[in-house]
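What follows is a pair of complexes built around chain A, which joins chain B in one and chain C in the other.
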Partner chain A sequence: MVRSALARHPFARLAFSRLAQGVVVLFGALLVCFALSAATGDPADALTVGQIGADSAQIDALRDHLGYGDPFLTRLGDFFAHALQADFGSSYRTGGDALGAVLAALPNTLLLVACALTLAISLAIVLALISVMHRNRAADRSIRGALALVQGVPDFWLAVMLVLLFSVTLGWLPAIGFDGPRSLILPTLALAIPVLPTFVRLMRGNLLDVMKLDFVTSVRAKGLGERDVVLRHAVRNALPPLITFTALQVGWLVGGTIIVETIFAWPGIGNLAVDAVKARDVGVVQAVVAVTALSYVLLNLVADLLVAAADPRIRMVPA
Partner chain B sequence: MLRRSTYEESFPSTLTRARFLQASATAVAALSGAQILGGCGSTGSGAAGDAPAGGPPQRPTGTFRFPLEGATTGFDPAYSGALLSDYVVVHAIFDRLVAFDPAFTRLVPSLATGWEQSEDAREFTITLRDGVRFHDGEPLDAAALKATLQYMSTAAGAISGLLLPPRYDTLELVDALRLRVVTPAPQPDFIRNQAFLSVMSPKAIKAGGEALKRRPIGTGAYRFARRAGNGGALVVANNDYWGDGPYFEQIDFEVIADAGARINALLTRQVGMAYRLPPTQVQRVAGASGTRTVSGDVWSGVYVAFVCNKPPFDDVRVRRACAHAVDKEALIRAIARGQGRVADTFSPKGVLGYAPPAVRYEHDLEAARALMAAAGHADGFSAVMCVSTAQYLQPQLAQAVAGQLEQIGIRARVEVVDPIVQSRALLDPAQKAYDMFPTDWTWLTGGPLLQQAGTVQSASRYDGRDLTAPLAAMSVTPDGPRRDAAFAAFEGAFSRQVPILPLFQSIYNDGLQQDVGGYEETPKNGYGPNFFPMYTAA
Partner chain C sequence: MTRATSALPRPLRLPGLRRRTLPRPGAALWRGNGALRWGVLLLASLLVASAVGMLVLGDPNEQQLADAFAPAGTAGHLAGADPLGRDVLAWCARGLWTSLTVSFAVATLGALIGTAVGVVAGYAGGIVDSVLMRLVDLSLALPPLLLFIAASVVVAPRPATLVVLLTFVAWIPYARLVRAHVLTERERPYIAAARLAGTPAWRICLRHLVPAASTAIIVLFTLQLGYVLLWESGLSFLGLGLQPPHVSLGYMIAQGRDYLASAWWITTIPGLVIVALMLSFNLIGDGLRDAFQLDVEEAVHER
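What follows is the complex of A and B.
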């Protein structure tokens, strides 16, 4: 019955198919995370590193107490049984709920990612339009040259240079932490600038492809000026690939803000993840991976559905 | 004539991330012109060690922001020695029975106004300060101290258990403010160790468990307010404090895991202090406008432990050859950026237990090669050094030592491993994978704690009687000539056998805002500033 219902509704079929793929991705991410954390030791070792007088018997006792004395497969089964109930246990350091700590930090990361993407997309659209409307002229060449330069800049270097220039030297902006809107400026720039060239190139390429399509020739033939052709007709048709790419970037940025959050001491999940990895706080690390993978899957799903809604041809293609 | 080879010669400059950032920072400085020049002048107010001109305010004022290098885990003082972040917060909330004087050379009263000790170091009578109350309103009295000692001695797996006897023959309340303590065996460091142990509220001890970890209650100048979601903490002024301070309304402990970010926060006045500056950053902070540095020798050293229960380091001639081959001054210059002093003993200078070495191994490659030949290793051998990623500068140090050992034919491969791997290898007496362990140790109490914990034997697997006999003696002998003789015998055997090669004693540097006063000495044990007398100049 479900099969026949799906056959009648291509949009639902697409959604179901993407959701199923997402579940597999999520399962895979959690499995890899569990296997890697199991392979690199357990919290009993981490909690006793450097402790004067700690001997193997004490470490073994602590290991049993933390439930790490069980066989690998038993622990794996327990892990997935609890993960299905959104339970990643407690933080070994703080005693608090591991997922709770991640969810508390997530809004800060999302805020940073949203600001960075808004800045990158807005700038990308503007720069791509300038580039296309002045194709092969000085403005286009300057934009492409500058982007090539920016693309080679590592984000950690950029972040450090921004702090040294705008915080330490000029004293205009805070160097660390989250103390109001001014604190957002530097980390946003550090995240947005490295992804900007890819956005601009994608948008520029899409626009150029769209400009070659028949309907553009048709609107030109109606006597519309080049500016109107680009702004009123080409931009809208060039956006769908950008939506998909943006969704991918959100997922990537949620898990990829680690360096920028560390340099700016930003209280997000990247910073939390670094601290948890350093302290072998396995529950928190697993919760970070789960939340990141889930955001990636959900955002991809939303992007696919948005694109399918915008472009009927996509939902007709068998998934 | 022999040519002295330094680390710089062995390892020519390469472009590392740090150098790259340094060069980039220089470029930014050049671009920003006059503004940065103002901050780099040698005549600025940020000269190292200059205390602020103004005195402390009349009443607690403002918020002091202190950056922690990692999230806190809990504030039970019995357990708080294992993690610096926990200890730093605990240090702001609790008092100890005794304290060190500013020069860290002798004990001075704190919550205890006096103490007596029997000649055999088994009986102690401690007199407490009158009129002191815990943050929960409970009075400080002999019963409270008794509860603290009982809890600290028996708390499972607690670091405090290493500093106290496991049980007492007597804990007698002589009167409201005097406690008589009798221990089954001599405890020559009982009073000294109290400088590291906090006195806790009896009500809190009774509540036990999570309450102790989450709601620390002491008698200190600051009382606990809350723990932040990211692992930081907030403490507020205790206006009824009996001693000097508090001078801040509150101290906000904020987690800033990256050392570079902590220093940037200091330079932009977002934090009041950056504790334990990396050696590479000391000049940057000292030279900046509006900040100053406070530095000092600490009870901490950097060492290379040899695995003495298997060839080739089971031969003392090989270990002595290594001692001659390593150029400690070059290591201090190149790796520690001058922030260290050459060490020849296990105990750093200033620690109770320090005695001059019986043998000093000068940097002498000819002597080293002769010893190698005598040990049957004229052509050298291969070895593996196990170094932890968690120990700052240790991987670079290990590479430098390996480069120096290569000059006498020891081809040492440096394996940089997770701290857990290193810890496991160090604990496993049967391990065969590694031959050397570069590491560092800190003397928390300024006494012979590490010797008594068997650190030399466990790290090196050397347990000759020449080392263990004086160790046994120093553990039960009260301070005095007999104990000094045991210390000297221990250090004598240590320097003759070289189970562990001391490299240098560390110098710590702390960065402060220029207007922060009351902090003129880096604590010798490197375990947290004393916040109570600290202030922002009025």
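What follows is the complex of A and C.
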């Protein structure tokens, strides 16, 4: 019944299969989370190390309280039962809800990622356009050369150098913290610049592929100049792969925010994760991993469906 | 006489044919490829500099507290000294070596494991294939750095554990790439011929399928060297990777963060070393990619 309904609606079928894949990915991410807590060993020991006067009875009580006395499979089952109810326990450090802490920090990270993506994509489109319109000439070569150099700059070092230049030497922008749009500038740059080369290369490649298509030839035959061919016809057709690619990059961008947030003391989930790891606060680490995986899955689902909705050819191909 | 020879059927002269269909490694590749040449030259000079530095400059962990914050250019501390009086240049020489060994170890292990898995998945299909593809999805959903950070709750960072940890992620792009190549390659008639001739599956994989993907594997290898370098130094920078007495460039960059205004050299110089090393990896990778006309990144979607 469901099967036949799906067969008749390619779009629904695509959505269904992507959704199923997403669920599998989330399941895997939760397994990783559980493996973390299982492999960390007993937090009761870690928590009571150095605590003067903690006797073995107290440690046992804490262990029972945290559920670490149970057999392995019970713990696995408990973990999934709780995780599915969006419960990753409480933070050892603050005593507050682990997931709550992550969700409170998430908007800050998303703001940063959104700004960086907007900057990177718009810059990448402009650079790719210049590069394609002047391909194999000086402008194209210098753009590609500069990007090859940028690609070699480690993101954390770039961030520190930005601070050195704009905060320490010139004193233009705040080095750390989170007040006002001015403090958004440096983290955004530090996040956007390292991903720029990949975006430009992809966009340039897309554009060049599109330029080989028949419709471009016919537009040219119509007498349109190279500028109009690229700006009015080729760009639009080169954009969809960029959407999917951007969604795929989000996971990696979150990786980048970890470093940028640490350097700029930005109150996002990356900073939270690093602090939590240093304090062996497994619940918070798990929540960060789960939230990251969930946002990745959702974004990719949306991106896939957006592209499929925009381009009928994709809908027709069985997923 | 000469005429008669030149009138002989030409198609038998295979070398010309082969040059067009297969990219021939070696002299031709080297000569026509500026990026590759510069990359290899840079990498070689970095290697030599690192080796000489390690021999001449002594123990990077040695603390001469009297020399703390010695600025770059001081006699005995050409690149300055850090807050504990460790020589930055000696640290860079040793750190460069650490980065190189970790990168090559991880990329090599990843290539071996990933190629094996990719060939099996692509050739056998079925359940192995589905499991692999879900693993790939998962690896894309969890940013490597987050995974490494999470895993560093569990394992103490030493070079050996770090290599194992990074390999957990590093094999996946190879598996995906090799699988994609195998999927198209196994439909070729020569594979069917080999199978009809009774060639066992493992031999088809080793003699035909892996070589067919080899150029792509090499390109990915060079690109991955750079990623691993960034992971290694980034983790160390965050205080979650290699820490003293192990020598990592990322650690020294973190050391200088609090003294940016007064002691720029502690952060800047190790960073420049990483940039140089990254540049050499990227030049070699780009050179090979252009030579083989491969877009490996698209097939793998890494980074």
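Note that the second predicted complex is superposed on the first by the 303 of 319 C-alpha atoms of A that agree within 3 Å, B and C clash if a C-alpha of one lies under 4 Å from a C-alpha of the other, contacts with A are read in each partner's own complex, and residues count from 1 in each chain.
The working rule: a contact is a pair of C-beta atoms (placed from the backbone, for glycine too) under 8 Å apart; a residue touches a chain by one contact, two chains touch by 3 or more.
Keep in mind that this is a model prediction, so the values were computed, not measured.
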Partner chain in contact with A:Ala101 - chain B first, chain C second, else both or neither: first
Touching partner for A:Gly283 - first (chain B), second (chain C), both, neither: neither
Which superposed partner A:Gly205 touches (first chain B, second chain C, both, neither): second
Which superposed partner A:Gly89 touches (first chain B, second chain C, both, neither): neither
Touched partner set for A:Ala265, first chain B, second chain C, both or neither: first
Partner chain(s) touched by A:Val274 [first = chain B, second = chain C, both, neither]: both
Which of chain B and chain C A:Pro174 touches, first, second, both or neither: first
Chain B/chain C common contact set on chain A: 40, 157, 160-161, 163-164, 168, 262-263, 274, 278, 280
Parts of chain C lying in touch with chain A, wherever the complex brings them together: 134-135, 137-138, 140-147, 149-154, 226, 230, 233-234, 237-240, 250, 253, 256-257, 260-261, 264, 267-268, 271, 274-276, 278-279, 281-283, 286, 295, 297-298, 301, 303
Touching residues (chain side chain A, partner chain C) in the complex: 21, 24-25, 28-29, 32, 36, 39-40, 148-149, 151-157, 160-161, 163-164, 168, 195, 198, 201-202, 205, 245, 248-249, 251-256, 258-259, 262-263, 273-274, 277-278, 280, 282, 285, 288-289, 292-293, 296-297
Touching residues on chain B, where the partner in the complex is chain A: 20-21, 24-25, 28-29, 31-32, 35-36, 39, 67, 70-74, 82, 157, 159, 162, 210, 213-214, 227, 229-231, 254-258, 260-261, 264-265, 267-268, 270, 390, 418-421, 423-424, 427-428, 449-450, 453, 455
Chain B-facing residues of chain A, complex: 40-41, 45-46, 48-56, 58-59, 62, 92-95, 101, 104-105, 157, 160-161, 163-165, 167-171, 174-177, 262-265, 267, 271-272, 274-275, 278-280
